Structure formats: structure tokens, C-alpha cells
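In C-alpha cells below, several structures.
Both of the next two complexes hold chain A, though its partner changes from chain B to chain C.
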Partner chain A sequence: MRNVYLASMAVIAAVGLVGSPLLISGAPLEAQMGFIQKIFYFHVPSAWVMFLGAFLCAGGSIAYLFRGSERGDRLAVASAELTVLFGVCVLITGPIWARKAWGAWWQWDVRLTTSLLLWLVFVAYLFARRYGGPGARKLAAGLALFGAADVPLIYISVSIWRTIHPKTTVVKTLGAGMRAPFWASMLTITALFLLLLELRLALERARARLDEAHLAVEDHLE
Partner chain B sequence: MRLLATTLLLVGKDVRVELRAKELVYATVFFATVVILVFAFAFWGGERPPVDVIAGVLWVTVTLAGTVGISRAFEREREGDTLRAMMLSPAPRVAIYLSKLVAITILMTIVEIVAAALVSLLFQLDLTAGLPRLAALLLLGTLGFGAVAALFGASLGRARSRDVLLPLLTYPLVVPILIAGTRGTVALWRGDEAAVSDFWLRFLLVFDLIFLLLGFWMFEPVTRGES
Partner chain C sequence: MRSLLRTLLSSMILALALGGPIAAARAADVPPGPPPSPTPAPAPAKDEQGFEKVDGSMMKGESIPAAPLVSIAYGVIFAAVAIYAFGVARRTQRVENELADLKSRVERAGGGGK
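Moving on, here comes the complex of A and B:
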């Protein structure tokens, strides 16, 4: 079952990674922004999986913190790494677009600031896990949970402070020619995310089994 | 009631330790002084910087000094292994969290009084007009900051590279507090209508409540096994 899931995600991601660029290059140019608008096909799906990763990490952390679920912890660390990875994509593609559209690499806009801070929280999560020493897993789980709960607050506070980012409602107003490449990109990036997540989880599971085997041998030798 | 009594007992312990050592207050106050001086040297070029900048100086100083103080406070606990002793005691974890929060707030209030006075002096700013509001902003800001810092400070007990991790974990989370605090202070010093700073005050109050609830909820599971 797991292999079928893995294989289908791999196929969708592979087909999408070949096919989407063709669709994207065939899509009509946006009237005002021209070519630079095409970055949107990468930027929006990356942002979506970044938030998906953060959500999964928080969910896994809750299971780990309150029920001691090791599976939850594995899900949390795998999705935290992907959140940081796709966050890098978001934070690179965003400013490239902004330079052209707003004339500045960075603006203290609500979505930008919230994404940046969310990304920072998960960088801190990975830091805590790697360099935190004993007890760091609990600490990191607490951070993920606090971070996920904090994101709406950051959003609200910055949006009162200032906002200029295009609204998510642009998705609904997409021209007919842009819809297909957009949803193809969404599907591709999501499949890629799920594929990487499953591979990373498999690695964590293998690591857990190795630890168990190690302990069993030690018990045996004693 | 027992919770309150235990909390007060634990706060009393922290205060007594500090009254004997006087280490935290001196270190943190002097750190804040140095930070404000650095800002004054960096920003003072003949004309007075805009109040936005001065409000930023005050809040950044308080945040930096806060982390230094809290880091040091938990370091002292670790050296004496007293945090572990507290966790092993029958005191409820919530009381431990609450006592740390109160102790942090007391320490930072002292730092804030000195910092605000210094900012007023070095940046030639008259603070008397909106003083009660400024005090309320700082107090609420400290509570929110303390709610986060007490949670992570206590759970960083045995972690390596604690000094780097505490700010790394705390700062991104307290950004809403910093924004609200700075904006409220700017509104106050710019002489905007009282409604503006009142708005940010209410904002801080709501944030504090959420942060405190999260802290209470998570302190027990996060520090479990930390004994």
C-alpha cells in the first residue's frame, strides 16, 4: 500500500515536473506584469505546501506532546524540514517578483512578514532539534505548536500595520489560459511535497528501527 | 488557592536569591544601559531621531535585555540544579511556570524603568504626559514576552547552545508583541489621539491572554521528563 502511494506520487511529480513548465510557457502573458507573472506558478504552490507542512508539523507535535506518539514526532520533523525547504522557494521567488512588480525586493507586507516569521520559527525548530541536546524534541514540539498558533496573530498584527500583497482572490480571477498551468503546478508541487515527506518518514522509521535493534543487542550482550 | 500560595512561595524564593546575589538586576540593567548608549551613538547625528526610532530603541533594548536576564536566570538554576529540584517537588508545574513569569516580570519592570528614563534623557523626550499608558504598554508587553520566554527558558534547561537558542526561539514568536508595543508607544509620543494607543493596549491584552493560555497548556508536557 505504502509503495503504491509512493510510486503514484513519484509518477505525478515526475510527469508534472516535465509537463508543467510546458504548460506554463504556453500560458498567456499577463497584461500588466508580463513575463515575470509566470513566477506565480511556482510561488503560490510552494507557499501552499509550506503552510501545509507547518500544519502537519503542528499536528504531529500535538500527538507527540500530549500522547507521546513517536509517529507524530516523525511526521513533525519530516514536515518541518519540508516547510523550511519550500519556504526557501517562497522567499526566493517572492522578492524576484516583487522587484519587478513593486520596484523593491522586500516590503513589510503582511503575507511576506508572516511567511518569513513562519519560516524562521521552523528554522528555529530544526535548530532546537539538532543542537538542543536532551529534551530538545519536546522543546521543539512546543515551539512548533506555539508557532502555528502564533501565525494568525502575526498575520493580524502586521495586517493592521500595513499590507500591499495581491489577495488570494486573484486565483479566482485567473484568465482561462492561466488556470490549467496553475492547477498543474499546484498538483505537481503537492505531489512532490508528499513524495519527499514519505521518503523522509521512511528514513525516520528506519532510524527508529535501527535504534531499537541497537538497544536489543545491547540488552542481549548484558 | 494552593496554586497561588505555591506560586508566591516560589516567587519569594527567586526574589530572595536575587536579593542576596543581586547579580541579575545589575547585569541586566547595565546591559540595557550599554545597549541604549550604543543606539544613541549610532542614531544621534545632530538632530533628534524621529519618535518611531526612539520607540524602537526602547522596545529592542527591553527585548534584548530580557533575553539576557532570563538566560542568566535559568543558567543559575541549572548551575545549582535547582530547576530539577523544583520539577521533582510536588509543586504543580503551572505554579512553577507562573512563578517564573512573575519573576521575569519583576526583573524586567526594573530594567524598563531604567531604560525608559535613559531613553528620555539621552533622546530628550518628555515622558511625563503619557506615562500611565506607557507603563501599561510596557507591562503588557513584558507579560507576553515573559509567557513565551518562561516556557522555553525552562525547557532549555539541559540543552546545548542555550544562549543562542533562547532568542532564536523567542524573537519570532514575540513579533506581534513588539509591533503592538512599538506602535502604541509611537502613537503616544507622537501625540496621536488616545484611541490609537488604547487600541494597541487592547491588542496587547488579547495577545497576552492567548500567549498565557498556550503557556499554561504546554508547560507541563514540554517540561515532562525534564527532571
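Moving on, here comes the complex of A and C:
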């Protein structure tokens, strides 16, 4: 079952990685922004998987904090790394788009600032786990909950505050020719995210086996 | 796990090979903006508050080419994912090697158990 899931994700990612650029290049040009709007097709899916990573990390952290679940902790650290990875993608592709569309690389706009904050919280999560010493995993799990709480704020920020960032309704109002490339990119990047998550979880499982083996050797020597 | 990684990376390379030239060709199809006028337009008159009236001559077409920016943005995502996937595969390999090494040392010592 697990192999079927992994194989289907690999097929979707592989087909999507080849097919999405073709669909994106064939999509009609947006009337106001022109060619630069094509960044939208991978900027938005990257943001979506960044949010997904933050929620998975928070879910895993809750399982670890309240039930002591090691599986939850492994899911949390793997998702946190992917949140940071796709956060980098969002925070680089966004300003590149902004440079052309707004004439500035960065604006201290609420959407942009809260997105940066989310990324920084998950960087802090990884630093806390790596350098925090004993008890760092619990501290990091707490941080993950704060990070996930930022996600709804990022989403609704464009509706509450005045902002130059496009509104969330832009996806619903996409033209007919733009919908297929957008959803193809969405599917591709989600499949890519799930594959990378599985790769990263495999690393955590291998580490857990190594720790168990070290403990078993120590027990045996005693 | 390695075959998954291989599939992923080969599709990324293929997509990059296909996507780059197509995007560049598409960018070349974009109609250029209006040519710059040979003589500079006279400066628009300012009102009493210092604001200038907007007119069409201010729109001189694209000053920053979009195609390289789109390619860079696309390349960033590709590079980030590829570097991360390689990094995780390397880290996993290191842990697997350490585990195998530990196992063989235990077996050599005649311990039997892990």
C-alpha cells in the first residue's frame, strides 16, 4: 500500500515536472502583468506546501507534546525542514515577481511580513532542535504551534488589511486557460512535497534504528 | 528509496531541459512595448500641490525584461528541491553505513544481538 502511494506520488511528480512547464508556457499572458505573472504558477503552490508543512509540523508536535509520540516528533522535524525549504522558494520567487510588478523587491506589507515571520519561526524550530540541548525537542514543538498559528493570519491578511499583494480570490477568478496549468503545478508541487517528506522521514527512521542499535550495544556490554 | 530519488531527479533534469527553451521561445513571442519616442516629451505641468497630470506618454513599455526573472524564479525552486533531495539522500546513506558498520562490529565481536 505504501509502495503504491510512493510510486503514484513519484509518477505524478515526474509527469508534472515535465508537463507543467509546457502548460505554463502555453497559458495566456495576464493582461496587466504580462509574462512575469507566470511566476504565479509556482509561487502559489510553493506557499501552499509551506502552509501544509507548518500544519503537519504542528500536528506532529501536538502528538509529541501530549502523547510523547516519537512518530509525531519525526513527522514534525521532517515537515519543519520542508516548511523552511518551500519558504525559501516563496520568499525568493515573491520578491522577483514584486520587482517587476511593483517596482520594489520587498514591501513591509502584512502578507509579506507574516510570511517572513512564519519562515523565521521554523528556522528557529530547527535551530532549537539542533543547538537547544536537553529538552529542546519540547521547546521546538511549542514553537511549531506558534508557527502554525501564523498560517491563518497570512491567509486572511490580504482581506483584513490594506495591501498591494493580490487577494486570495485571484485563484477563483483565474481565466479558463490559466486554470489547468495552475492546478497541474499545484498537484506537481504537492506530490514533490510528499515525496521529499517521505525521503526525510526515511532518514529519521534510519536515525531511530541507529540510536536503538547503539543502546542495544551498550546494554550488551554492560 | 533510491529509485524514487533517481526518478525525481531525472524528471527534474528533463523538465529543466524542456521548460527553459520553451519559456524562452514564449518570452520572445511577447509583443514588445511601444518604441521610445525620438524626442523626449515635454515635462507635464504641475498643479499647485506639485502633482503631475498622468498621460499615456509615461508608459514606455517594459524597463525590466520578464523572461530572465521568470527563469531565475523557476531555477531557484528546481535548485532548492534538487539540493535538498541530494542532501537528505547523503545523510540517509551516512546513517545506513554507520548502522551497517555497527552491525558488523557486533557480529565480529561475537555478541550476536544488536
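A few comments on the model shown:
Keep in mind that, in the parts below, the second predicted complex is superposed on the first by the 209 of 222 C-alpha atoms of A that agree within 3 Å, B and C clash if a C-alpha of one lies under 4 Å from a C-alpha of the other, contacts with A are read in each partner's own complex, and residues count from 1 in each chain.
Operating definition for what follows: a contact is a pair of C-beta atoms (placed from the backbone, for glycine too) under 8 Å apart; a residue touches a chain by one contact, two chains touch by 3 or more.
Everything numeric in this text was worked out from a predicted model, so none of it was measured.
Touch criterion met: A:158 reaches chain B, while chain C stays clear of it. By the touch criterion stated above, A:133 is placed in contact with chain B alone, chain C being left untouched.
When the shared chain is aligned, no partner comes close enough to touch A:63: not chain B, not chain C.
Look at A:180: by the touch rule set out above, it reaches neither chain B nor chain C. When the two structures are aligned on the shared chain, A:147 is found in touch with chain B, with no touch to chain C. After overlaying the two complexes on the shared chain, residue contacts for A:17 are found with chain C alone; chain B is out of touch. Contact comparison for chain A: of chain B and chain C, C touches the greater number of residues. Residues of chain C that touch chain A in their complex: 1, 4-5, 7-8, 10-12, 14-15, 18-19, 22-23, 25-27, 30, 62, 64, 66-67, 69-70, 72-74, 76-77, 80-81, 84-85, 88-89, 91-92, 95-96, 98-99, 102-103, 106, 111, 113-114. Partner chain B is touched in their complex by these residues of chain A: 65-66, 113, 117, 120-121, 124, 127-128, 131-136, 138-139, 141-143, 145-147, 149-150, 153-154, 156-158, 160-161. Residues of chain A touching chain C in their complex: 6, 10, 13-15, 17-18, 20-22, 24-26, 29, 34-36, 38-39, 42-43, 46, 81, 85, 88-89, 92-93, 96-97, 99-100, 192, 195-196, 198-200, 202-203, 206-207, 209-210, 212-214, 216-217, 220.
Those residues of chain B that touch chain A in the complex are listed here as 148, 151-152, 155-161, 164-165, 168-169, 172-173, 175-176, 179-180, 183, 203, 207, 210, 214, 218, 221-226.
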